[in-house]
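What follows is one structure encoded as structure tokens, with my remarks underneath.
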């Protein structure tokens, strides 16, 4: 019963197979392997972006930091929410990669709103050379609290960015979960919605450790290559990144995995609701923030269930007090497992 | 006939097996996986360093840059040779990670000598606050030209560093090739020879993409963890780094692989010598720098052999002109392959 | 009628005299001038800190950034208010000098409160290696809105910092205005209140361009010297920084200047109040944030008065609408000038 | 008898006068003062560059680092000589300001030669993404050893830079000494010779602490302003930088001061030659590197003469051993003083 994160499960069998298949003979290093050609083509096709520049790195933080650095001058500020991964969970990596840039936190509890974004943007660069200058807008899709921006919501945000001539970055660590949730295409959720560069996540959705960075405007390509190398993120035996991504993109493996994760999540949410849990955030992809009594938490804990208690603490006297849990589902979860979890509530 | 580099071959079967074996169920992320415990123990045992802090990253440049950054202030300078990987092949990654530090190139064509090192160190910090301050000494073992420092040579270098109270870093991208060549222990070649931190390479010797950073003084541990995260080099599904290194360290796989690579190299060198090739550098591990006639290069090239022409160019009229090649052997080479290569000379 | 800032007035005559006096013969460069010895002694005496490390730089941003950098690791976050100069007015200089560190904005409209500070500190470093680590607390005295922390308020803040073992920095661009306002000693307002390092401002209070950085713990001295040089803030003809500060410290010139500025401000505030202005913030030193009708602003504007309209705009139909002004007084203002200004209301 | 440096003498009386004159009333801060308009016009006229972007900073290291940073990406390398001030005397400031860039030392003992420069440039960027990329060429005029590049020499260097599409920076800490030595115009020695940006020194030639950065292509203007502010080098009371530079440019004060320094140097060199001193470098501006017997050094030392012993040491038995001195002349030296110095030889 593991619901602690989607970053801790196994690799999809078809990806593992691709890794095994790739493990023969010599391959050109540093991204010049043949499999990368396949990956590039697959991603360009999937995103309907024949000119896109496509690169692989091994961590989501690398994808975000390097993508943002290509669009951020050191004297600029990146607009994101107070709960954005780039702000809370990357130990200043974006600041490091962008040479000492700042992050401006657009007020809000999870989803960024166009009004809040506009006010934040307007609030910067009013002091001329003295304050930070306006930099890119970074949007997280799926959000940190499990929400999914509709295409309209996404476009409203990038429209504000464009109004100020600012680039838009999409942190898509859970990109495919969002896409599946929306029932849209990769193009819909990115360049057709005004996104300039996307961190297209693989790791949380069944890969071993690979993320693509996709620039819809290829003029950033060479800069990215230099930043990737200088950041020590260019792999010599790159074919093993390529093989993961190739296996991921082939035969809709990525979509099937996200659909499975979302379905697992929906089943769990339905069960929680039936058991009387209350929800802190709408369940729109593969994450649940729900509250249920301490006594149920205790039973789950005793049974070895793994997840984060989001608000409150297991320590406490009142067995009926509602404690919030964060529950994240991935492709590897099973109905049996979900039902077993629910049985403890 | 692939001799272009040891960074382009396949993964050792036993490591691939460990990866497959590891691919089941959930594992704690970010280095808290059980396999990492095994790795830590194995490396501490191998290095006879029960207190050592042991970390994994995926690239050699990350290992070097992060290890050095822990010992380098931004206003310092790192001592290395003009041909060091950290100087020539990392696109300023060490400068980036060390916050804008400098590299001082100790004169020499490959191996660093104690006298040259001392003169270089003495040449810095004579200007008080105006010049760069003295930082760590970085030594590459196997050297960039295929040489191996004897233990005496190594100790003479670290002795100079200690004289000035400077830490010593070992870039061990080909650590095991050197160790096998010297017939010594990991401890001999590191802390017993005055090395404070080592980039212990796996990728070039049969891993998929993993390097260990081993600090013999564990007080740098937490700083390294923060630098690794901030550099975006902390893997969520860390077990797949651990599994590689576990497979590498088990049953002497690392030693056998390096021994195989060195033996392949010795066979190739012997054959080259017999064919009249001249050598630019002594052959001491798994790299050869040798010159032979353009006509032989042409035949090899036509037959699809892959390697770098180090000096001169295939273009040219004189079939007898000697052109130098860089030939790198790895564990995956075969005698048949070597002999086939030699047959074209 | 210049009330736009205290950074635009002339240099105190006695400081100008010291500069002229210093302009003879040769003097050792880079802070080794004899006048610096006098400055060091004067500041140590004034602050009752015989061991303090004392340095001069030419801008307040340099003083803040360099002082903070000595106490901030690149993976840490500096706690300050949302209106702090280091956040709003230094174009990411603190982030630059601290190697890509972050600023955490302690909620509040001007003065930092101990409770808000504690909550902010507690909010960081809960994510282990993933989030930013806790760094120094930076307190601005006089605040950006003209407030002065009482000694009790100051101590309550540094007590919270100490609780978490964090250093405390005082941005004292208007240090002496605060000191005069409180009627306390330099020691009271700094190390006796738990401050570890202070940016002791001179420029806004009658100097040409000089700020002292005073470390009460001298162990940061050499690091500061290296950071200052590397930041290009070490003056060769340093005697002209020293002479300013020597003139400033001599014969209570600094105290008299701040007292004059504060008195000018009090007279102006009293007059504004009499004319019916409303105050956005208490007037505690040399800054006023007050609202009065658009028509009065228009008359002042037509008469050439210089100050910032803080809220609202001169453009508008309603002559009675209250618009807020920021009015800053310095030592060079005169009663005539103040009264003239008031006459337009 | 002060010949230690030209960074330790007094300020020209006419500049001091301008500072005193400027010290009245209020002036717009941060470079918006009226005197800066005068400075901008004067420099544009002197350089025959009506479009040039002109900025002031207070130190030579700031001028160099900020100018270079505008032309250097963090993954690039700056070409300079092994004795360049930016390499030896700025404590990694150029690396810091350029975000971790590298310096490539073009071999040579002082003046850079076009052949050596071409070889150095060709030696970089041959490794694709792996090595540093080619960045600007920085030329020092007057050189660190007192040499002056002829216009032909200068043009030959910038021609090599242009061949590779690299910008050329001139470190003109002693710009006017070189100009006077060559008898040329400011335009001749800069943009007419292919220089893109110059650090136009004031401090060493009679100012208190001011250097201009002049971009002949104004498109770098805004970036420079942001970098200057972020580097904490933007002065609030900027008029006092402006006044220095205004006094410097007025009535040929800058030219007269450099001519005086060069003449002092010529007199000293002539006297040294007559006394049998030998010269390590040609004397072409205001610096001398000359050897004379230890006994003479001892007499000078005893008489209180200030200068650096460049090679050798006063300690030693042989009174006839030749020790080299570095002797730097400035505008404030007098014939009496020079002759007194010579009398000790």
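Going in written order, the chains are labelled A, B, C and D, and every chain counts its residues from 1.
The rule is simple: a contact is a pair of C-beta atoms (placed from the backbone, for glycine too) under 8 Å apart; a residue touches a chain by one contact, two chains touch by 3 or more.
Here the structure is a predicted model, which means the values were calculated and not measured.
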Which of A-C and B-C has more C-beta pairs touching across its chains: A-C
Reference chain C; chain at largest CA-centroid distance: B
Length of the line joining the C-alpha centres of chain B and chain C, rounded to whole Å: 51
For chain A paired with chain B, centre-to-centre distance based on mean C-alpha positions, whole Å: 34
Centre-of-Cα separation between chain C and chain A, whole angstrom: 42
Residues of chain C engaged with two or more neighbouring chains: 74-75, 90-92, 96, 99-100, 129-130, 133, 226, 229-230, 234
Complex contacts: residues of chain B adjacent to chain C: 30, 73-75, 99-100, 129-130, 133, 225-230, 234
Residues of chain D touching chain C in the complex: 2, 4-5, 7-11, 16, 19-20, 23-29, 57-62, 65-66, 90-93, 96-97, 203-204, 208-209, 226, 229-237, 240-241, 306, 332
Of all residues in chain A, those that touch chain C in their complex: 74-77, 88-92, 95-96, 98-103, 105, 127, 129-133
